[in-house]
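Okay, got some structures for you below.
Both complexes shown next keep chain A, but they swap its partner, so chain B is in the first and chain C is in the second.
So, the complex of A and B:
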């Protein structure tokens, strides 16, 4: 693998000095051949649909009067539409709450489960288990928990807490979805952080102990800075995956009550497949991608280390 | 409308889909009945249509029928794609009745006007009308549905409430149901009343129409939303109130509602004929009564299910029509289509034969069901509106019903829905 990469580099240099023909004789064509399946998949499955979405978002197709070019008309109409405005607000609010919450929970659980404590492997497996459950099945399970006469209120009643409305009230529905998603997701992200924590050399902790650093101090000055890379990955990957949440909304709330859980992905789905307004849905896809790129870029900037 | 539980795709379905795409045979030389292969596409499990296909092939040995299942969840979109590509491997296809206008407007359904007289004679008025778009008949009704009031007799007896009468002339009002429900709650039952599809337009339309609120769609082109009339607001306020007061339970979803009745957690339940089979094993006494209406309002019941039509791109139209006529207009054929399903045949003659069997499923509990269903279909059934914008309309209204159920102000939420429908329809024109 490394020799191939090095070889490709030499070929590049040669190509610059002797012209394109010698490029054909180097290992570059072979490298390209090996890369071809991935490149084709990238173009066919990623770039082409993105291009189609962009182009489609500039047109309007009507059942009765055919297709017309409307430029940015779909975007303007979307931004003037109260439902779309609400969907953007809900999505941003959701992003701001769910990502820090999940990453913090995953980090704390990772720290906890890397301690040598009785049964920590067993507990760790329990936390990871929900990943094995398909999201749709998780949603169905939680629909029973969240029912007004369901398990959730049953458990609250044991502690003397009055019944909550969960998914049936606009105030609690988004938070209920966040709890359910964290139940699914936290264990998964925790695994990456556990790998990161296990990579931290034990000597650092020994040295810190000799210097009299407390466990809390060790966590913040050794563990946290040294798992920065996996942490950055987890934050970015978690953010992207949370932008693409669909199944629990579709199964549990259908965006309601009063649009309080109408995340962008669900809004795109209803616009495309229920309202048959594919062009505006494509415009929404473009907007969603732009928002994701901006937020991920921001996260990279914040997490950039000095080195 | 009830989606039969058998629509989930299985391995068998996939296998059948592979063999089912054989395509149509030539239509040359076929006069009258036609011959060759007919490709039929629908959302149900292949086992559902096996009896009717066998019966048809026995009656018309020159024609074979290949059935392809497209699961319900992707049915509308798959059909849209294949029909707009002028796919001639579909000859006959099942049409979800509220979607008929949208499909017909795009020219995907063969004009069946020459069968109008026969169709009118074979089915109920509401089931005939729903296949007409812009003055032309595009499909024939195959299945039908209705709704009735179920009550838990043991609970009513214990609470000292006299059960509602089976006689449509003594139909209970919603107010009466609410009062009796509250009385049953006072006697210890969890809920008084629950509607099976608690957040569906199909289920709530009769309440709105009972108060003269209209279907919600008006205009010559049926693209004018009208969901803020007095009838709409009053009906939805009443409905929201049943949840506010605790008469009906919030948060119980689509597939969980009939279990609330079988678990003896509600005194009254509004459901369809399929529930008769579902409640047959209940270990308590229950009964049926006519679908309620509002005090001083009109008696209105839901109706409608699936029609079938012929693809305009079909290359074997004669045989396709023969198959369609056999299933919709021939009583024996229509009856065969319901052999494995608890669903009402749209053909009046077939229904007359089928309903006593349905009634027998529930034993003494469902005595009188056949006459009641026949009465409602003939006298009180009001179909969902025929409009090319129905799909958008239904989705927005269902969301509004769900919000009102969860406590939104009816007037405010319906005004919002009105705006949402107008927005969604603006791209149809």
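So, the complex of A and C:
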């Protein structure tokens, strides 16, 4: 993100140094031609649907009276709807558990794999391999692991733990989904943090060892503060991606049992296609987009102010 | 500065060795080494086990998937009679067609997407003009709106345009990728201006500057951006579920999840299909590992 700000800065400076030259006679028209396909794609395929969702969310369609403007009516009804309230609660609970869990796991693994150990690179690549697994495929593989007679209970039995119900129990279903997502997610975020840890100058540790600081103290007083930036980035990027979880819910639990895994994306999907309540679904899309915009904007601020 | 820094650190290293020599370091250090190795191995094996188990299951008949799980035994994770029967059986199902569709969609996305994103990045880095900052912020703005979040309204639009169950409908959303433009632009900005000015004086047109100077110099960034576009399509699930569900256009992940939902499942074939869907991106990531890590960290932070 730093070069983003830096790059924009140099572009501005360059533009100014050129002085006042007629815009049309300058390179602008050629540059626009180069930019045109991407701009059309981005505007039509990313920005327009968000605009459509916003407009649709303010209307209501019915067979009797056609399309009518209802203002924030759809939003008010949504927030009064117990299913939507439950979906918001589940999504928040999920967010509060999954993100700290994945970031902490990624950080500890990154620390572990930047220490001296036999075959460190090999073990590290084993942790990274699952990032190639598409979320839908991960869901299918874990559906077999989570079966009552599957690998999950087989491994628990080795430790003397009785069989668990995993996806079919309202208490365990959300946690089961978190596990299968972390399997493909943690290695990915770990790569960012390993890059961050490797950027910390080795002299810092040498100086700390000279002063007799233990490895544990070095972790919290040197490594942790110096990888704050990558950590903040990973936390925010992970949070955004976890707001958009859909495949495991749709494939494994259909939001159940008892709505215990009814995450926002799946709630939008069922509202739009199962209940055919398109306008309220669009209102939910707007809420989802707003949440992600706030988080990403936060990321930009976090990373910029620390420069 | 660059000369003195290593010298100082080597002095420090020597003195730190002397220091720790007094605190009988060899045993402490080797205990730490062994402990770290053990932890690293446990973590590596824990992450690898589900993948390996799926792989072994793809090599034995579906009837044996659950045979060695209670209690766990060495056959759980190994088989002495591996067979490729599941993979040949896969060829007779609709799944092979779906995986082929996934390949077509992903490869076309990479080619078309690179053309669109590289030209845009060129427009944002080789020229200087008023309004450039504004256009760049449009690209940045699209970062703010993740694709999956707007997939449902976009699918309504595509349905109106009769793009449902077409390859065009499946491919289009993948080609305009703000992240890829951003990555390529960062790389393009490092290309010296003098090079461009010299080429322009020699009479090379802008298209020539783009194809003869920028593209050949930017192979690592192009590979990184290509990987990004490929993985976006290969891992997609929401969009292919909304856009292409008929037999001719269904994509691998959707077809696989349909199979999982059926009453009678041949788990051998299920695992074989999963393995193909995992191995294709895995081989691509591993062969371009360097560029992948570079692109991941560049687009993220640097």
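Keep in mind that, in the parts below, the second predicted complex is superposed on the first by the 244 of 307 C-alpha atoms of A that agree within 3 Å, B and C clash if a C-alpha of one lies under 4 Å from a C-alpha of the other, contacts with A are read in each partner's own complex, and residues count from 1 in each chain.
To be clear about the criterion, a residue touches a chain if its C-beta (ideal position, glycine included) is under 8 Å from a C-beta of that chain, and two chains touch if they have at least 3 such contacts.
Just so it is clear, the structure is predicted and the values come from calculations on it, not from any experiment.
When both complexes are overlaid on chain A, the residue A:154 reaches chain C alone and has no touch with chain B. Once chain A of one complex is fitted onto chain A of the other, the partner contacts of A:81 are limited to chain B, with no touch recorded for chain C.
After overlaying the two complexes on the shared chain, residue contacts for A:139 are found with chain C alone; chain B is out of touch. Taking chain A as the reference chain, the count of touched residues is higher for C when chain B and chain C are set side by side. In the superposition on chain A, contact of A:164 is made with neither chain B nor chain C. In the superposition on chain A, A:218 contacts neither chain B nor chain C.
Shared-chain residue A:277: touches chain B; no touch with chain C. When the two structures are aligned on the shared chain, A:258 is found in touch with chain B, with no touch to chain C.
Shared contact residues of chain A with chain B and chain C: 143, 147, 149-150.
Only residues 5, 8-9, 12-13, 15-16, 19-20, 32-33, 36-37, 39-41, 43-45, 47-48, 50-51, 53-54, 65-66, 69-72, 76, 115-117, 119-120, 122-124, 126-133, 135-136, 138-150, 152-154, 156-157, 172-173, 175-176, 178, 181-182, 185-186, 189, 206, 210, 234-235, 237-238, 241, 253-254, 256-257, 259-261, 267, 270-271, 274, 277-278, 281-282, 285, 293, 296-297, 300-302 of chain C touch chain A when the two sit together in their complex. Note for the complex: chain B touches chain A at residues 77, 102, 105-106, 190, 249-253, 256, 388, 391-392, 395, 398-399, 402-403, 406-408, 413, 419-420, 423-424, 427-429. Remark: chain A residues 1-4, 7-8, 10-12, 14-15, 18, 23, 26-28, 30-35, 37-43, 45-50, 52-53, 56, 109, 112-113, 115-120, 122-127, 129-137, 139-145, 147, 149-151, 153-155, 157-158, 183, 186-188, 191-192, 195-196, 202-203, 206-207, 209-210, 215, 229-230, 233, 237, 240-241, 243-244, 246-247, 250-251, 265, 268-269, 272, 278, 281-282, 285, 288-289, 292-293, 296-297, 303 touch chain C in the complex. Looking at the complex, you find that chain A touches chain B at residues 60, 62-65, 81-83, 143, 146-150, 165-170, 254-258, 270, 273-277, 279-280.
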